[in-house]
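Pasting the structures in now, so scroll down.
Here chain A shows up in two complexes: once beside chain B, once beside chain C.
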Partner chain A sequence: MSLAKSDILIDEFPEEPAAIQRLLELLRDATSRVGRREYRADRLYDLVRPSSYRVLIQILTSAVDKGMLNRTFRVLSSSGGGIGDFPAVKEIPLVLYDSRMGRDVEVSTDDIELIFVVQQ
Partner chain B sequence: MPDDHINRENTVLDLLSEATSLSVVSEFLRAKNLTHSAGSWKDMREKRLLPYLRDFSITLDELVTLVSSAEESGDQHIFLFHCTEDPLEMLDRDGVHKNLRRLGLEHLINGPDMNRMPQIPTIVDVRWNTADVDLSLVVKVAEVRAKRVLEKERAFHGKFIKIYSDKPVRAVNVAKLHRNGVLELRIQSHDTSKYDADLNRFIRLINSFFPMTRFGETSLSTAKDTMWARREELRELIRYTDASVIDEQGNRIRAATGSDQSNLSDSAAGKSVDYMLQQDANAYCSDSNLWFVKSEKLVSPIHVLLNGASNEFAVPRKCSEADYEYVFSQIRHFNR
Partner chain C sequence: MRNNSLLDLQRRLQTFSDPNEYRIAEAAPFVPASALPVTKHVVVLLHGMNTNAEWQEALADAIRNCSNIEPLVVGYGNFNPLKFWFPFIFRKGRINKVATDLRGICKRNPDVHISIVAHSFGTYILSQILRQHPDVKLHRILLCGAIVSADYDWSLVTSQFKYPVINDIGRRDPWPSMAKSWSWGFGDSGCIGFQNSLVRDRHFTYKHSGFLNQKHMQRFWLPYLLDGKVVHSRFSSKRKPMRMLEAILRSFPGKYLILTAAALCLYKIF
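Right after this comes the complex of A and B.
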């Protein structure tokens, strides 16, 4: 991870030094291991412990903009598990093939989950 | 009997059936040592409530109070926050009255607005729960939502059309700030699982009472982990029907009982969730579907969903205020 990006993130959120340090530690740990790590926003709230959820989203948005982690919108099958990852909600089709069920399904907003991904 | 009294009586009885459950009204009658059983709302109205009103066993004001408290309990998604500053300033009566006057809501100082179907989301009640001191401040917003009901499906010129009707229904959202700084934002449930937009709209309405920059979200992850880990010991208190666990790769295991009357505590399926939690230190309980079991302290079993946002839980069915308060206190207890 670029040191400059970390420093910029710390400078951007001077009132959240502990939360930023926890996020950077999490990113360092995740990128040091093989494979991809992914987190829902509610999980990151528990791990990063910012002052509020609003601040967490601001921090994560900035980190995504800097390429420190990726954001993806996952469509979930009613049987459990994802059936498609998309970079933006507007790119999700109305109907999607559910490989877990073996048929096309209509996508509802209830089926969409926001995921943050860290890749080595 | 004057027409306006009968109209008010009908409005209150209508609100009672819309906003509460038969068991809540039955419990209210039982507490007054009155015959309380009724198989339907029609029976409850015609065989119990109307005769009791006529012979003064109960009063209309008591039913108004019951509506007010019961429509605030259950059938809600509850979001928990904690105050990062001194909460007592926000409980101060002079400050709240000044804010009400500034908002043109000074009539609420004298009591709630019983407007059943306000045209726009409206603050209809601002009140304190008080013992020796003010224990909490409640701000209630009523709104009209469209409940969409499928009426018919038809094929038409190569298209398939579903026709829905929108039925207006009253919905109530409640903010309650406790003296210790805990803030509950209760949003009445609807047919979809996402509540971000409802929560943000509600926060804008009540922000002058409870400025949200003074609050942080209270994660319920400790309660989720603790209740699941202690489920054998707590089997007289809690019954699990679903539990999900997710690891850092996004893999998930969901254990679910076959019958919704069963308990995962008895099952190897539940132990498979334990196994994943033991094998992977980064795996965590993401979603739980559980019931608080009927007991001396709980009149009816209460269904609770622990999923969604980190500070969110849901009580999907209407319940009595006392039952809600009991469940809320238990969740907070296990979240310590």
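Right after this comes the complex of A and C.
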């Protein structure tokens, strides 16, 4: 991750320097490890500890725009595990084939997780 | 139907025109309710000299569409140019009126974030209130068309707000320079900025009241007022330095010309 990108992030959210530092450390740590690192939005809220969830979403969105993270909406099977990743809510179909159950299932917001993937 | 909530969410998202709010609304259903903000937020809107309350109402409407935040319009009535020019008596009454109002809002809402948006003469009033009333505690401060002295010592009042302050500057706005040149107590921070680490100066191509439109409010003000996000103006880094003639005209010491003329008149009379 370039220093310039993290500087821009701090510049954009001057009230959240501590939260952004925690996020940057998390990203640094994640990029130094082998394998794909992904975090649920609520987990990131606990780790980054920003002043509000709204702010967290904006910080993460900005990090996505700068290519530091990828954002995805994951549809989960009722038997566990993901059955589809989508870049936006509007692209999630109302009915989706659940390969784990072997049948079509209706997708509810309860079956969706917001995931952020660290760019390697 | 089980998937109604997803369909409802997709339909609700179609109603958002602001991409910032869209992204927040898109993500909000997927976090625990405990993570959502609960602190109430009041945004006080303070107008400039002789500007109608139209912009205040426009911003108030935009704010009302957001949850947990309430706009409050504060004013001091019409203020004619002669009173504006005269450095004593008249200004004090306006400052006291707004101070009383603002302190009342702070007292009535002890556990609420109180932010303020001030334009033109409203910025001067606010700068005086912060100095004179340390009990006025604000959350965020947004200034535009500011006529506060560029040397205003923000470090003396840092305990009263969450910095940085945002100072929106109009490149084609002559009024802050005019106020500084032709009267006393005012400054041209609305032209040259504060150039202070506690303030973010943002430059735009506007005239004095060019900021007061829905598009600017949605793009630059709401992200800051709601979440402290500073959206940068592209013009800030592209702007060219002021031409020498313009700089001279802007710094012309008109107030001393008036004093000299008045002294000459008195000399001739007596």
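Just so it is clear, the second predicted complex is superposed on the first by the 119 of 120 C-alpha atoms of A that agree within 3 Å, B and C clash if a C-alpha of one lies under 4 Å from a C-alpha of the other, contacts with A are read in each partner's own complex, and residues count from 1 in each chain.
What we mean here is this: contacts are C-beta pairs under 8 Å (C-beta built on N, C-alpha and C of every residue); 3 or more make two chains touch, one makes a residue touch a chain.
Being a predicted model, the structure only gives us computed values, none of them experimental.
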Touched partner set for A:Gln21, first chain B, second chain C, both or neither: neither
First (chain B), second (chain C), both or neither touched by A:Asp42: both
Chain B versus chain C, judged by how many residues of chain A each one touches: C
Contacts of A:Thr109 with chain B and chain C, given as first, second, both or neither: both
Touching partner for A:Ser78 - first (chain B), second (chain C), both, neither: neither
Touching partner for A:Glu12 - first (chain B), second (chain C), both, neither: second
Touching partner for A:Ala30 - first (chain B), second (chain C), both, neither: first
Partner chain in contact with A:Ile57 - chain B first, chain C second, else both or neither: second
Which superposed partner A:Ile92 touches (first chain B, second chain C, both, neither): second
Chain C-contacting residues of chain A that also contact chain B: 42, 45, 51-53, 108-110
Residues of chain A touching chain C in the complex: 11-16, 41-42, 45, 51-58, 61, 73, 88-90, 92, 94-95, 106-110, 112-114
Parts of chain C lying in touch with chain A, wherever the complex brings them together: 1-7, 9-10, 13-14, 20, 23-24, 26-32, 35-37, 162-164, 200, 223, 226-232
In the complex, chain A residues that touch chain B: 30, 35-40, 42-43, 45-46, 51-53, 80-82, 108-110, 115
Sites on chain B touched by chain A in the complex: 84, 192-194, 215-217, 219, 221, 246, 248-250, 252, 254, 284, 286, 308-311
